[in-house]
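Here it is: the structure, laid out below.
Going by the order they are written in, the chains are A, B, C and D; count residues from 1 in each one.
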Amino acid sequence: MTTTIADADAGTDARRRPGTLRRERIGHLVQHHGALMVLAVTVLLGAVAFDSFTTPQNAANIVVSSSFLAIVAIGMTFVIISGGIDLSVGSSFVLAGVLAAYGSRYGLLVALLLPLTVCGAIGLLQGLIVARTGMAPFIVTLAGLLGMRGLMLAVSGEGANTYLVQNGAFSALGQTSLLGLTVPVWITLGLVLLGGVLLQRTAFGQNVYAIGGSEEAAVLMGVPVTRVKVIVYLMSGLLAGLAGALNAARLSSGVTILGAGMELDVIAAVVIGGTLLTGGAGGLTGTMAGVLLLGVIQSLINQIGVLTSSFQQVVSGAFLALVVVTQRILHRAQRLS
Amino acid sequence: MAELAAAPHVWGGRARLLTWLQEYGVYASVLALLLFNVVFTPHFLEVANFRTQLIQVAPVVITSLGMALVIGTEGIDLSVGAVMALASAMVVLYLGYGAPVAIVAALIAGAAAGAAGGALVAYVGVQPIVATLALLVGVRGLANVLVPQLTEFRNPTLITLGSQSVLGLPLVVIIAAALTVLVAFLVKRTTFGRQLVAVGGNRAASRLSGLPVRRVLITVYIISGLLAAVAGVLATSRLQASDPTSLGLLMELSAITAVVVGGTPLTGGRVRVLGTVMGALLIQLLQATLIKHNLPQSWTQMVQAVIILAAVYAARGRRA
Amino acid sequence: MATAVLEARGISKGFPGVLALDDVSFRLDAGQVHALVGENGAGKSTLIKVLTGVYRPDRGTLLLRDEPVTFDNPLAAQRAGISTIYQEVNLVPQMSLAHNLLLGREPRSRLGVIDTTQLYAEAERVMTRYGIRTDVRRPLRSLGMGTQQMVALARAVSIEARVVIMDEPTSALEPREVDTLFGVIADLRSEGISVIYVSHRLDELYRICDRVTVLRDGRVAHDGPLDELARVELVALMLGRDPAEIRRDGATRFTGEHTTTAGEPLVEARSVSRRPVLRDVSVQVRPGEVVGLGGLLGAGRSETAKAIAGALPVDAGTVTVAGQQVRRGSPAAAIRAGVSLVPEDRKAEGIVPTLSVRDNIALAALPQMSRSGVVSDARIDRIVDSFMRRLRIKAASPYQKVSELSGGNQQKVLLARSLATGAKVLLLDEPTRGIDVGAKAEVQALIDELAAEGLGVLLISSDLEELVEGADRVVVLRDGAVAGELSGDQVTEEAIMATIAATGETDG
Amino acid sequence: KSEDSGDTPTPAGSAGQQVVQSAGATGPTCTLQSFGGQKFDLKKDVIGFSQSEKEANPFRIAETKSIKDEAAKLGIANLRVTNAQSQFSKQISDVQQLIAQGAKLLVIAPLNSDGWEPVLKQAAEKKIPIITIDRKINAQPCTDYLTFIGSDFYEQGKRAADQMVQALGGQGEVAILLGAPGNNVTTDRTKGFKDRIQEKAPGITISFEQTGEFTREKGQQVTEQLIQSRPGTKGIYAENDEMALGAVTALKGAGKSPSQVKIVSVDGTRAAVQGIVDGWLSAVVESNPRFGPLAFSTTQKFLDGEGIPATVIISDQEYTTANAKESLGNAY
């Protein structure tokens, strides 16, 4: 096709003074890695203030205990980028743990597949409801939160029965260490890489961004919106289920009192990581920084030691506020300069 | 463009029913639940029962009103439950100076907490959900620091507030009703109300139209904090004790549900005050029904999930 | 008769309160450029959305190459070879230009994942072909409306399609881009691809279209070859009026003569700068004067208007109204001083979609229409009523949601909003974008009328004719700086183009 | 499960001090040698205490205070205290962090009995003795952990049932205000109560069980619904004192007079015992939170080479209309 090629420079947006682009790039960097920077500073301060903070064991503890939150946060990142939210992950997490422990008596495969099937199915259902009826994800997944917790109670005799993991291979999955880190940590790393590629380098990932950026436009641009949304909630359910199952393997039992309020931690981690709740922007590196930041803050508060339990809450609330404010200010400083 | 009458075939039965449901879905749900109870629940049609339900729902209604305003600006306030606890703590802390002083102190604390969240949202640009999440954690901690454990009180004025009736109507219920009218007036009749929904509907356009966007935002969070504090005071007076650890726990979820079930979309730009009250009533009735029929917790939660979905489905926005 | 590429038979589509399409039949032949015209709200966009699976018709059938089809969604239509540019630019603002352009067709590397390097290179290549040279990694929302429109165009055309539908593709374009577009359309036609073309600019229709369908109030008012139809007759068909009457009124309604009071400038921007978009821009508007802002896409016209309206933080410079300096960066202060902006991006910055027509009109003037914080409905009703009448806003009632109005009527609502504030200076950024001939004439007449009443108007328009006829003076911008100023008899299309091209840059 | 190991409760010591009820005489005991640990200095080394819930209810306040006070009294210099704020995952990482900080002894008030695998593993590697208080950990004593000091919740439920049977004379409808769902305490106190009622008083029917989530407010709200829709209810078994006191507020609000509905609860907080004195409650079964002295004396014995039993069940008192007034001072 031959078209009139207009003069290269006139009539375009190209005329910007040198430096603009560089500044935009730096801005981009700060926006996307603000959480990473805050994390670095926090770790540094912690290392200076407390000797026992930077011991390898403490570091390993933080990483290991963060890994479950991290797996759930991967799914949540997809959901939030697509412009939705998933409040049901905490319930998925605990339900999966109970089911995995229960299933472990029938072997490793059942221990993994049972929770994944159930949590995946519920994720799928939520996705279908969100995508097909246009109901607010907040409410649909709030119902999911209630429903799955009810299901968990029903499965565990109103919480009276704690199933113990009865399969060595399954327990090993949660407890074996490779190069100083447990299997769930490696699984998390693998999933983050996979998720990163999926999000940034596949048509599916681009569709997720498009839907979150403008659903209306995405529809008109021919994005299979319903399918993408359904997959996103399915993924979130599966990942929360996987995290719950792995956690059950680690704890060797299907603990019934887990997961309450987990959704808020996960959302906080994702948002601290620079993903916008309005959708359309964000990424997994930020989310991982957010997850670790939460773990580090918790660890630091424990190091301080003298705080009463109530004061600990005040401090962690203030910390959280400080982190998001710092991140906002970083973000703004580069824009207005 | 043809007028309504010229196109009966598109604007006929099904569409009309759908619109009706959308507008009045929550009313229909409440009615259905009432009917169910009248038929199946013993001792339901008693004055005492309605008193109980109304008294129990009053604090939920009051916090939901504030939540509805916040949601109208496309925000969300997760801190309402914690603010209730803070107000409760302030009440017993200042009860030594008399009930009026204590109540004013509680309200000031609530407004201050709201202002803190609002400032983060309006002036720093933090996303509402995180700003108020930080507040949720911190404020509940603060309430606990102030009043470390459940503290009973014997102040007659404060106890009266929770148990007194005027003309057969419990004072708490009258207060909730009055606040509902006030908020409805605010939304429908004042400049502030109009500006609030405009900010929620399109912030950029509101700014270009010269609306004081930031002031509107911070005010909305202050009102939400204030109303949560009122709810906290009432709940405290009814409990005859301050219990900052558990007072208002998960209230944010109830309030958000009430607002959404009542037809206010989470995407902002619209506030339905009466719908919100109905939403709160629906949740209250639902819980009461499940308790009265002694369902196990597992069932209670699953049934709640289904009914909330059904009610919101009925009340959901029409799609193209 | 040859088989139709795409045909609609007896289509009806209603929305609550309106029947947008009433028994509409439409037939598109291979290799034809088919114009679809009509007043604002006639149903053009609705028809297009029915043709492409956005809406399901209440009645009627679609046929693709004589086979009945139903499209469940736009994707299905796309797969069937129908590519569409919708009326309001419909791309994802946060995503980069490149990702928007190639969404769904991203180049893959050998591993099967998206090859980003190639993606950007490809996007750069495509955009250069359309005369757009910019960093394709920039998020789309940081680009001007015109550039965005070109991206949408490039995207639609580069999808292998048998039918390309364009709903007002030129409303945000400059003459130069319009030429580019027409080149593209000519190529499409020569390849046997059919085009449905919607525009309110009649010249354009006569330049490229073979056939025309006129819609009026949701019904087909005329269908036939375009060249048999005189311009005046076409307009008459659209408006449902007598051709003779139209002939009397002329093409634009501008009289072109204002009695500018030589006095103090109403509003004056002095050396306004904002890196990297504005450099030392100075503009004045006197009472009763219409000042045009000319320039190419991205020249900084919108930015200038926004800076004056306080909606854009500036690095340097002042804005004074009647000698008083206005607080920087505050639209509220500007409005209080009597300066009101009608933004170019109706959807993002203009309407509040959740509110009614009435509330949208009253929005900016709320403080004036309330006493101690309580609004006076009577006062609002009076104002809203008078403006709806004066601007002839077509709505089922003042309480209809503004998002349900057609594009042109939404634009009028925004004008009404600005006027309701009692502004002394109006900054109109593309005020007739997407407005039908009738309404356009009304708006133009209104601008004249307002100027005659002593208001100052800053007019930004990509329609050179409009600029030339409407403005007393034209300030031409290039690359965010003033390139020249034309007044009186100097104001001609040629002079404006010459000023734009002045620094010896070769012009295409 | 240690069931019915002692039939006659030992009288409580002065000021509510914990008294050992059963010394696990039948089971094997654990010595420093058999445990395989290193001797450490209780006064100088890091000692970790992991509390499960916020110190916001009388039980947790008294528990933490008792540990801290006793540590101060004994001159323990390096006590590190963490609080899991009711989040089980947090408690796991709390304890792991204590281990990382070099704790030589861990005193844990577990939020849950199961799920301690990761902690036990780390502690076992370093041979750190663990004493769990108030709630048991489901694991192997002397290998996974040293010992458990606490009450028997199942037993508490049974004793509450005995009190209820007595108060109602073996007849009538009874409602249960359950604790938080999914919690071991809830489960055991419910099961003990129901088992005993079934066994002893077939005339009593349990017609209503709803959770009051261990809080006063919920207890009040559920009771309001209960008394309105089931006016025939004669007794309420509350699984902790807070819910019982909430029930009292509800009864007062509904215009009932004291002891129109018999209330029995578990815990033994001062407010509840006062409730007995005032006539609103019929009986309260104690669950004693003062673990400090017993925990550290057990540790000292362990360090001194003595054998430690696998479980140290403490004797809980009972408050009834007969002894409430005199025993008010013992309540926490």
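Convention: a contact is a pair of C-beta atoms (placed from the backbone, for glycine too) under 8 Å apart; a residue touches a chain by one contact, two chains touch by 3 or more.
Just so we're clear, the structure is a prediction, and the values are computed from it rather than from any experiment.
K.L.:
Going chain by chain, each one touching the next, work out the least steps from chain B to chain C.
P.N.:
Graph distance in the chain contact network comes out at 1.
K.L.:
Please tell me the distance, in whole Å, between the geometric centres of chain A and chain B computed from their C-alpha atoms.
P.N.:
Here the centre of chain B sits 29 Å away from the centre of chain A.
K.L.:
Nearest whole angstrom, what separates the Cα centre of chain A from the Cα centre of chain D?
P.N.:
Whole-Å distance between the two chain centres: 37.
K.L.:
Need the CA-centroid distance for the pair chain C / chain D, whole Å please.
P.N.:
Distance between chain centres: 72 Å.
K.L.:
Please set out, as single numbers or ranges, the residues of chain B touching at least two other chains.
P.N.:
144, 148, 296-297
K.L.:
I need the residues of chain A touching at least two other chains; which ones are they?
P.N.:
Within chain A, the residues that touch at least two other chains are 152-153, 158-159, 308-310, 312-313.
K.L.:
Please set out, as single numbers or ranges, the residues of chain D touching at least two other chains.
P.N.:
Answer for chain D, listing residues that touch two or more other chains: 54-56, 181.
K.L.:
Quick one: do these chains touch in a line, a ring, a star, all-to-all (complete), or other?
P.N.:
other
K.L.:
What are all the touching pairs of chains?
P.N.:
A-B, A-C, A-D, B-C, B-D
K.L.:
Name, in rising order, each residue of chain C that touches chain A in their complex.
P.N.:
Residue list for chain C touching chain A: 54, 73-75, 78-79, 84, 86, 90-95, 99, 103-104, 106, 113-114, 116, 128-135, 138, 143-144, 147, 155, 174, 176-177, 179-180, 183-184, 187, 191, 275-276, 296-298, 313, 479-480, 500-501, 505-508.
K.L.:
Along chain B, where are the residues that touch chain C in the complex?
P.N.:
Touching chain C: residues 1-4, 6-7, 9-11, 15, 19, 189-192, 194-195, 197-198, 200-202, 204-212, 268-270, 320 of chain B.
K.L.:
So in the complex, the part of chain A that touches chain C is made up of which residues?
P.N.:
Residue positions touching the partner: 1-17, 20-21, 24, 197, 200-203, 206-207, 209-210, 212-214, 216-225, 280-281, 336.
K.L.:
So in the complex, the part of chain B that touches chain A is made up of which residues?
P.N.:
By the definition above, chain B touches chain A via 78, 120, 124-127, 129-131, 133-142, 144-145, 148, 253, 256-257, 260-261, 265-267, 296-306, 308-309, 312-313, 316-317, 319.
K.L.:
Residues of chain A touching chain D in their complex?
P.N.:
Contacts found on chain A: 52, 55, 57-58, 61-62, 64-65, 68, 152-153, 156, 158-160, 162, 164, 171, 175, 247, 250-258, 260-261, 295, 298-299, 302, 305, 308-310, 312-313.
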